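Read from first to last, the chains carry the letters A, B, C and D; within each, the first residue is number 1.
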């Protein structure tokens, strides 16, 4: 946490209400003012500032991702208020943001701890909305949390800008009119990975899946299976592993004797670090099977995970939403302002959170209001560029961003402690686009509280 | 089911069982000698693991030189870190020392864990000998939270990789030794080391209690504390030392576990619940029971995670330990080798 | 008519034959004392009556119903109450509550979900408990926490807990141990009075011969796990076997 | 009055005033003041105070009275929550069926688990309950996903049948849980000078339920049944020689406390219609143990206070960040200011667990009777000193 003395944070001066109605009884006499329905929508800002709610994991297994997300948010707020070097605001294709806050209001923020638990995340989001008057909630480092908080934002009528959430469900069966996701999803990972895997490993592979036993694991396994089977791979087995598992030896050990020659680890965070560690210990990376080199695949990569797994990630394929080594103008501007402020490059979680904040602010400017329904309208179908992923579309049907997907590989000879992944392929958005209807779900209509 | 698959899971179970047994051993030792239910025991395991992390950090403590020929991610000259150890002992010897950080951490962890154990017992636990078990659970639970939060504040929440020495990377084709095809029963070298290490520690603890005068007094104290006290033997001091030893056993289990799973701050809590189940299944206060139950539950857990078993009973891998605990506790009220009347109301 | 019939009871603890073919008949409405040297098996025998121990062989019949193989609370509900030697009271509760619990058990049976009626509205039970405490001279101690009482008072509380149940058979394990002479005499009077007025059957284990001979209608002498003599008190005093048992046990 | 003694009636009255006026005194600092951060009078937190209060009151009926330490009570809260959401999905968005059914479902669940676990006592009982709860959690988060929504949790959806209300057609919004049309999230706000108070429908419904729960708890504590439970804790063995079978009593206490947990779970989803699996995890069970012990085991109001304190820490203390610290200490010279911030930093914000851990240790070491025990000890000491002086 930075310890600069001038707080970016605005002291909370204003309270708002969810739904006001006429007072029914008078208490006492003199200076009592009953609020009446003076607000057009939930938490409508009345003063000279506007409060955003950053809901990130500060404790629990994803605390480091959460800390990086928070850094990105602080940076975004600084840039929105005209501080710093402006970061990606200068490369962003939309020029609505002027560096004077949002709609002329200074941007303040409050933070909450999701603890990576849906319950706790909802509680902290609720408190930011009810107590601190947050007009938009963003953040999260797991799909369970994103889906839960998105549901809450829909109910109370504020905008939710999802952070790191990769499950198809977030903009699939659990999509909501008030929720928006910039991050990519399992389907896109599968679609982007499959051709690269085919090129490198051939199309007659036999895959063994280990899948974390929860929603994200299911959608990721499904996506990777579908896309690899379509090109000719066979799935030997898919075994579910408990989310709380730490030692994966008994799941990894039988793989080699199963007749498989590829192991797909549908794991994220600590699960992935531990299962990959086990797989490498059991010699799978150097093994031979069916006359081929045995291979390991990790559908969703993050640099922080790669750091946790250390040496083990070398040469292993996966996909990622963004990586700091991208050479486009936007990415470079972001890496520069983040790197100079904090001394290390941002993670993909930080990137998506920064971008989401900018996108929200920009939508407010273009809509000319903070009203969630206006903001949602401005975001729906919005096409933009210059935020690090090339041309991107916020699809109106499911509020999912469509953009290029990176296929990466653990770097064999890293030059620094941050240089853990190398980009193998930038899969164009057109190859990972799907019909919005395939995952079911209903957006409903936007709720302004 | 093939025999090789069966043997493979037995091996895996032994390994998991070793960790359970080592933690449960200390836990049951503390309970048997001091009558204290120590919820901070998992934290001791975690601290042991972080002894290895700390030593690795010390050994790789580096000075920074700027390499003008390369650039970092911001386009500035690359900062190159060189560990002091390499500077002092030369690159080859220095790297070898860093490579052997985990085994070296054993030497580092023993005094650290003993001291932590003594401090815990003298500073906190001894005031709770006469208090209800619920109070002991609560105060040690509080301590466990405090310890893990301190570790998190220093080391962060993510896992920290601590590799085994180069010599132990790779795996043993155990199957070929007993006449199976190659590649059927594979077992990583470090896990073999861990199992052997655990057996040595367990044997040492038993031998210590069985064959030394100190151990005899402690065992007598476990059976009847007051009488031993009446003999004019300062049993309290010995119990303090036993607490230190239990802490050291948990700590060493943690040190050696780091190459198997990169440590993080909540690994102690993850192991705590299971090791309590192990202790209770083995019988509170029974050393042999703890070891036996540790291995049995480890092997059971391994079997339950086999594909064939999960397909037959979905979710069994998630609950097998608890299910076993329920069945054993209902069939054998005092655990496998428990004594009568221990810890009942 | 006999209230309790004990036939051929044996109990071994490892190598020790604690009870060896014990036979005993306790007549209804009588006070039956069991005496004997230390380690003769008196308490073990009592434990066999209340379900704390199960004999290896033999029968214990109470009004024609076996007391073996049923739970302690069922034995109590059949009308057998026991006063323990070392006070087994509810030490966190008040004296009055300690007495009300057995009184409620007597009225309501082994379980009654009586969760909404305030305790203080249980006036009848309360009065009965106070009456018994008054009989034992403890009416001024009703609100004390049981743990804070003297040992003698705890013994009297034990007795109150037994008496309040109006059992058919009361088992007293050294009821006056630890009491002053005055309290002992008072206790004798109370037991005598209850025995006479309610025709209560009692079994008393006692070391204090003053108590035994003031109360007992009949005496069994237990030595080395077996009943060596059973007779009226006046015949016991001069009995050679009894003297042998007491003296012989000493060497 | 109400079948209570004078003191108990005053206690109930005290709790009534406490919960009724909570929106006012939980916001002691004016809006915009430096300490407004410490205000806790917003609906979500106030709802949590009373709901976890109910949970802890129920837990105390088992643990406080019988001494049986369950490490699995969160499972009943979770089971209640799932049942509640299903009622909101299938039956009606009215909260009454959800609350009633969640209590009943938790009751049935606790009969099964209690019947088996109570065959053992002491730590064996604790481990059995822990094992059942961990199994429930693990299965709810994975295999039972179709019923529980898995790790994401179970939520209401647009397409739910809601046979009594009629299903939504897919457009529009998911209806909010309500009491005969009065939505739980509805609030009235009152400004008095710089102060702002929020009176929320959901909160007052929960507070009303808390009062009933508290009233029932008093009746149980003061009943013959309650006395038997205390006797179980005091001397289980003796109770059976007194003609009472302890097991049905402990089972009844277990089921009652399980139903309290289910009631709390039902209220939770009535306030916020989401049930997450981690609600059942052993750490959640540990939390209610901590609440009870922190407040005072076996006391009537202790658990409510303990629940409030822990929830306050979790929601308010955890939000203090360095910026706020700098604001507070801004009046000091720079060096000292930074020093103060550095000292306090590890204990607030994301370090609140550390403070919580330390606080527990201090309470357990120095206040074995919990806060209520400590306060009444203090009161007695002061009172006695005064009476001596007279």
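By definition in this document, a residue touches a chain if its C-beta (ideal position, glycine included) is under 8 Å from a C-beta of that chain, and two chains touch if they have at least 3 such contacts.
As the structure is a computational prediction, the values presented were derived from the model and not from experiment.
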Name the chain with the Cα centroid closest to the overall protein Cα centroid. D
Please report how many Å separate the Cα centroid of chain B from that of chain D, as a whole number. 35
Geometric centre distance via CA averages, chain D-chain C, whole Å: 47
Please work out the Cα centroid separation of chain A and chain C, and write it as a whole number of Å. 75
Multi-partner residues in chain A (2 or more other chains touched) are 59, 63, 213, 240, 242, 244
Which residues of chain B are in contact with two or more other chains? 318
Two or more other chains touching the same residue: where does that happen in chain C? none
Name the touching chain pairs, please: which are they? A-B, A-D, B-D, C-D
Complex contact set, residues of chain B against chain A: 4-5, 8-9, 11-13, 15-16, 19, 70, 72-74, 78, 152, 156-161, 163, 170-171, 183-184, 186-188, 190-191, 260-262, 264, 266-267, 270, 301-302, 305-307, 310, 317-318
So, in the complex, the side of chain B touching chain D is made of residues 37, 124, 127, 131, 133-135, 137-139, 141-146, 149-150, 153, 269, 273, 276-277, 280, 284, 314-315, 318-319, 321-323, 325-326, 329-330, 333-334, 343-345
Once bound in the complex, which stretches of chain D touch chain B? 67, 69, 116, 119-124, 127-128, 130-132, 134-135, 138-139, 142-144, 236, 282-283, 286, 289-290, 293, 297, 346, 351, 353-354, 356-361, 364-365, 368
Quick one: which bits of chain C touch chain D in the complex? Just the residue numbers, please. 50, 52, 71-73, 76-77, 81-82, 84, 88-93, 97, 100-102, 104-106, 108-122, 161, 165
How about chain D: which of its residues touch chain A in the complex? 31-32, 34, 36-37, 39, 42-45, 48, 138, 141-143, 145, 150-153, 155, 157-159, 170-174, 176, 183, 185-193, 196, 198, 272-274, 276, 278-279, 315, 318-319, 321-324, 326-327, 338, 341, 349-350, 353
